[in-house]
Every structure is written in structure tokens, then in C-alpha cells.
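The structure follows.
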Amino acid sequence: MAAMFSQNPLMNGPNYSFNDAPRTAAPEGARQHRFDPYTDNGGSTLAIAGADFAIMAGDTRLTSGYSINSRYHPKLFKIGGTTADQKDATIVLSVVGFAADGEALKERLDAICKMYRYRHGKPMSVKACAQRLSTILYQKRFFPYYVYAILGGLDEEGKGAVYSYDPVGSYEREQCRAGGAAASLIMPFLDNQVNFKNQYEPGSGVGHALQERERKPLTRSEGEILVKDAFDGAVERHIEVGDGLQMMVITKDGIEEVLLPLKKD
Amino acid sequence: MDHRPQAWGRPRDDVYGAYDHSYLQNSGPRQATQAPIVTGTSVIAIKYKNGVVMAADNLASYGSLARFPDVKRLRVFLDSSVIGFSGDVSDMQFLDRHLTELSIDEAYEDPSSDSKAGQLNAANLHKYLQKLLYKRRNDFDPLWNQLLIAGFDGDSKPYLASVDLRGTSFTSPSLATGFGSALAQPIMRRYAATEEDAAKLSREEAVEVIKECMKVLYYRDARSLDRYSIAVVTKEGVELKEDEQLEKQSWAFAEQIKGYGTQTV
Amino acid sequence: MTSIGTGYDLANSIFSPDGRNFQVEYAVKAVENGSTSIGIRCKDGVVLAAEKVITSKLLKQGANKRIATVDRHLGIVYSGMIPDGRHFVDRARDEARGWRDNYKTPISTKDLAGRMGGYMQAYTLYQSVRPFGITAIIGGYDSELETPVDGEVGSGPSVGAGGKVEGKKHGGPFLYMVEPSGLYWGYYGAATGKGRQAAKAELEKLDLSGDGESTGLTLEEAVKEAARIIYVAHDDNKDREFELEMTWISGADGPTKGRHLEVPETLRKEAEKYAERMTAKDVEDEEETKEGGDKMEE
């Protein structure tokens, strides 16, 4: 099972998520046939934190092998609102990986956030919700939710917050994160464009004298353009990504949702 | 991608290498293995302006043997929804009995004859089945089926969705299970690529597309039959015909096929 | 009551020297105080009707149903202690479900009546329990058609052994009444509760025993008669207002398609109008004959 969680592109050439296990023969002797409870439904997600906003994004394609099961299956969910349409929610969860686990995880986290809200009379902070999500994931350490989750919202100071997770609950707060099938395609782009990795002040010198470009948070419109560019790139190079781009922008005024077309090929 | 129900739930050949069938010859102690035995092949369905059309052939296979040629795989629920079953037939019977009990329980509280309000609609039914199949997957005791559920949602709009043995669920203007996802889905998407397209289709057009797809499936799927069931779900109820014959077959194309396996001329 | 003070009325499972179980007889008293319920079995179906006395203006109209669905084709109405009736219905549902689990086929009305009769009777045997304070009327329509076994997927071989006995009539409408003693009998028409005497008298006047296609009451006529009988059995002077609750069960080719359903509102209203008209006429007739009598005397 370990191979399933591997995101190591060195294991095999083109890094399709369903092709990431080495083709080794099963050991001789005792063998067991078992139902394989997991599958990979492809797709990709992305989140960027700004000074006073957070952008969450994901494509809407749902795949199974080379088949497209659905062209519109959202990976972004508003969490912890008090109504069915979640219009007063303040947190967004994105899940990618095994869709059935993603659905189950979303419903559990949503129920927990709702209970918190009813009991305490206030919405859960992203920080608390982030820790709780980690606990939920780790509770299933030996039969994990096969999902890469990202949680987005605004922290207690109103700054954009993005928390990213591995399937068993290890998490950290980051400026930006890409998850899922095209994570390895999008993440380096984000490193360069959000955290200005490998960008230096022109003419500042050579070797150790080189000065890094000063890091500052992106504006909202810069962020949205970056997201669209990242996905357009991923769609071009990854067969499991495409159809539609769902984007949610969390600000102090609430959550705005945008739906953009992506290539359907 | 191998679409036969026998391949469902198995480790993928292209990931883990060729499947090891040696456990079938094992004369040692029986292990708690799971595999579909008597199986039904594809179910296909498409939405149209006022409802949904669904079809499945009347065959239950035992491996490659056409074992039961008179098996009805479309089931009506509460006179308002249709469920199409592919995969294991005994699991289908279990689900059918379970749903019969459920529909009797539903009638306890609402015995009024002329109102369907307050009864489980197709969207509710789909959610219920998704939870059931996901629970069974978590218990490593899966129900070896992929289901299509057709009917209407809470807003009285046509509804079509799928659930499989792992609890993965999704919706789309047209859906197909098994071989149908490779053979029928592309044809159906020509007529209903988006929800908007589907909302323009007439009932006659939708039925025609489904019949055409059933024909293609009979041409190419060796585990299929030319007798089939077809259901049309409208707001008025379900019209189910269970003993239809494929019409206007033409096997002329078969002459053109050359070059498979050892055939050289 | 001669039993009082003898001690034989204090416990279930003890007979009095003259062979009576007083607890059961007291349970019957509880039924006799309950609001009226009736059932009519006619040639093409069964009608169940209940007089629901409105005990408070704060109760929502049409809510708090008295007649319960047990399986698709079965309904139960009861008079007496309503919580006992609720439990009785719960048990009936369990029996019907258990039958389906075992035999993969719906329970017949007769079998359900048998099971429920046995259940009621068990509550007359032990110190630790008291008998049910209800009399229940069980109505059902057992399908005459070749019905599939639950979960059946095909029609099977068209030739060979099996199937129903040719020429024998299978299924049809059935009506049973179960009393607190556990006694149950099949009836053409059944009535229980406060107005049972008047209701029985009216039921006896109906043509219910005709099993032929042409003779006997139709289901629609039975609905109207059921409404009328509830109105007749209702005592205007003593009781407060009441609501009429009616359900019916027809065969697969009838209006309910073999299911136990509420009588549609339009038909119920029609039946109620008919009932009001007929009861008003009865009163008029009575007064007329009275006047006539007076004249004769003069």
C-alpha cells in the first residue's frame, strides 16, 4: 500500500497516479486474494493564501483509469455552515484522491464543525478545524482515507490561511500548496511564482552575493490568474485533469465561488 | 481498461502485473475471498427534457457461460425511481430485498395515495445506497455491483447518478457501467455532453440513443444479449418494459474486421 | 360484578372457579369504551374505517392516524387503548417483515391474523403481563396473481413442475378481528368499540357474503357504507366532534393496485356527504313515523 501514497516521480516515468507502483512479482508461497478497497479518481487541487484572502481551487473531472466518469464532480466543499447551502460557512475543504473517502471525510468534518458551532455559538477557527482534521485522518491511520486534503480560510488576524495534509494526518500551514494527480506539475510553478524560489534581484551580484527577490503576498487578481494558468498547464500535460475549474475565494465578506471552463480532451 | 465485472475491485493489471488466478485451484483451507460469480454486464442511462431513460440486457453470465437469459436487472423503487444493477446478481437480489423492506417502511408513515411528497426520491435513494455500499467496502465485505439510479431530485428535476462497490458516486447527463463506459458513453455524450444538451433532448430521441447504444453493446460485448429491459422515468411514474428485442441489427461490419490475434487474411 | 372481592380478578393466568379470566373481561371493557372501528370485506377489496373523536381543538386536523399500514397489502385498525394498539401494530410489522425474510413472499392476511392472535393470547397466560386493551381489525388483499418472490430476477422456466393448483381460487380480500383473549375469526364485516352494536346491525343489512362477480357490494359502495355506518354508530348527544378516517385495499387491477392506502380525499368527502344525507334522512323518517303514530292514536 505504501506505493500508493508515493508521490515520487522517480519511481516511474510519466507520473500518472494509477501507475505509481513498481511491477514486482508477488512472493511465492502463501498468497492471499483480497478485495482492493481503494481506487484513484484523479484530478488536482490547489490553494494560495493571500494577505486578507485565501483561494481554493480544483478541477471538476472524475476519472477511473482512462475513463472520465463525470465532467462535473466538485472537489471543493464549504464546511461548517448552518444551512444546507452552506451560505454562512467560513472554511473550505478540498479533497483529491479516492472520491468515496473524500466524500466521507468531508461529511465528517462538516458534521463536527456544525456541532462545534451549535455548542459554542460561534464558527470554528481555521486553526482549530485544521487540528481536528488532522486528528480525524490519523484516527484512521491503519485504514486511511486515501485523500490529499487542503483546508483554507482566514485566521484569527484575518490573514489567509492554507493547511495541507497527507492521507494520515500530517499537516502544516503554508503559503500555497498543490495536491492530487498534477501536484508534481503545479507545485514547482507555485514555488517560483508565489514564494519566488530561484528568483533574484537583477544585477545584485554572483554566487553568495546574489540577493533573493523580496517575498510579499500576492494580490487577489494575481492569485486568480496564477491559479488559472497553473490549471491550464496541468490540463495540457496530465490526462486526469480537465473539464472545469472550480475556484472559491474566502474573504472577510464570505466565500465567492467561480466556475471556469477547462479543456475537455 | 478491463471493464468486465470480474476485473472490478481487483488490483489493476497494468499496475500490479498480471492477475494471479492460482487461488482458484487452491485445495487448502478456504480463505475469506470475494469475487462476483453470476454477473450482469453494462447498464446505460441518459437524461432528457422530462426524465431519464435507462436500459440493461436480460442476461446473467457465469463467467463466459450465458447462464440465465431471462434476468431483469432494472428495478422500480416506490413507483418513482429506477435502479439499474450491473455486477453480481446475488448481491443485486440482496439489495432488491433490502429496498423492498425500505419501501414498506416508508409507507408506514405516508399511506396517502395521491402524493409522492415526503417519500424518498431518487437523490435520497442514491445517497442511501452510496452510504450502504461505502459501509460494506469499509467492512471488507463489498456488494459487488455498480448501480445507476434514475428519477427526480428534491427540485423535481431529472436525476441520474452512479454508485459502485467502493462507494464511489457521481452524476452526469449520461452514465454507463462496465463495458458501456467505453462503448456507449461516447455515443451518448454526442447527444448529451452537458446538462443543457440533455435538457433539449426529447423522450423519443433519448430512447433512440439508448437503443442504438444497446445495439453497439451487443455487437461488441461478448457477455451481452439481444433481449433487454428499458425504463423511462417521468414525473408521472415509471414505464418499464422488460422483454424487448434488439431491432435492425446489421452484422455487415463484421466482414471488415481483420487482423486480430493469429488471423492474417 | 360478582367477581369483585373474590380475588380472582387480580391476576392474569388464574381462572375463577366458574372458568373465567376476569383480566381478559376487563380488557374487553376497555375496548367497549374506545371509539368505533369497522372493517368491510366486499367482493373486490377491503375497507377499514375509524371514528376519531376529537379530544382537543389543539390537535391538528388529519394528523395522528388511527389506521396503520403493516405491509404493502395489509392494514390494521383498532379500538381501545391506543398505546396498546401501537405496540400491536409494531409487532404486526415485525411479523410481516420476518415472514418476508424467511419465505421471500408477502405474508397472507390469514397468517398474519394467526400470528397476531397467538401474540394476543400469550398476554393472557402470565402473571407478569396484562392482556391487550384493544380489539384489532386486520384487513388485507392477498394477490391472486402469480407474484414474484422478493428479489426474484427472472420468470424461470415456462414449462415443468410448480405453480399454483389449476382451477383453485387463490388470494382475494380478507378481514379478521382479534380480541383481547386472542380469539380471532374471519368476518365479512367487523365492528368494535363504543358504537359496535349499531354498526353490527348496519353491517348485517349489507350484501357482503356474495362472492360472485355480479352480486354483492363493490369497493366504492363499501367505502360509502363504511362512512355511513361510522356516522350512524356515532352518538351525537354524548360525544364530541369526530373525524372519519378510512383506508382501502383493492386487488392488483383495482384503484389501489393491491396496496393498503388512504381513501383519496375526493372520494372520502363524497362518502361523508352521503353519510350525512343518509343519517339525516333516518332521523326524518323516524320523526315521520312518530307523527304518524300520534295521528293514529288520535
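As written, the chains take the letters A, B and C, and residue 1 is the first residue of each chain.
Assume a contact is a pair of C-beta atoms (placed from the backbone, for glycine too) under 8 Å apart; a residue touches a chain by one contact, two chains touch by 3 or more.
Just so we're on the same page, UniProt names per chain: A = Nucleophile aminohydrolase; B = Proteasome subunit beta; C = Proteasome subunit alpha type.
These figures come from a predicted structure and were not determined experimentally.
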Between chain B and chain C, the fewest touch steps amount to 1
Innermost chain, where centres are averages of C-alpha coordinates: B
Can you work out the whole-Å distance between the CA centroids of chain B and chain C? 43
Chain A to chain B: how many Å between their CA centres? 32
Calculate how many whole Å lie between the centre of chain A and the centre of chain C, each centre taken as the average of the chain's C-alpha atoms. 62
The chain B residues in contact with chain A across the complex are 1, 9-12, 14-17, 20, 22-23, 31, 33-35, 130, 134, 137-138, 140, 142, 162, 166-172, 181-182, 185, 194
Can you tell me which positions in chain B touch chain C when the two form their complex? 58, 60, 68, 70-73, 89, 92-94, 96-97, 100-101, 104, 107-108, 111-114
Residues of chain A defined as touching chain B within the complex: 18-21, 23-26, 31-39, 41, 62, 64-67, 69-73, 98-100, 103-104, 143
In the complex formed with chain B, which residues of chain C make contact? 65, 67-69, 71-72, 93, 96-97, 100, 104, 150-156, 247, 256, 259-265
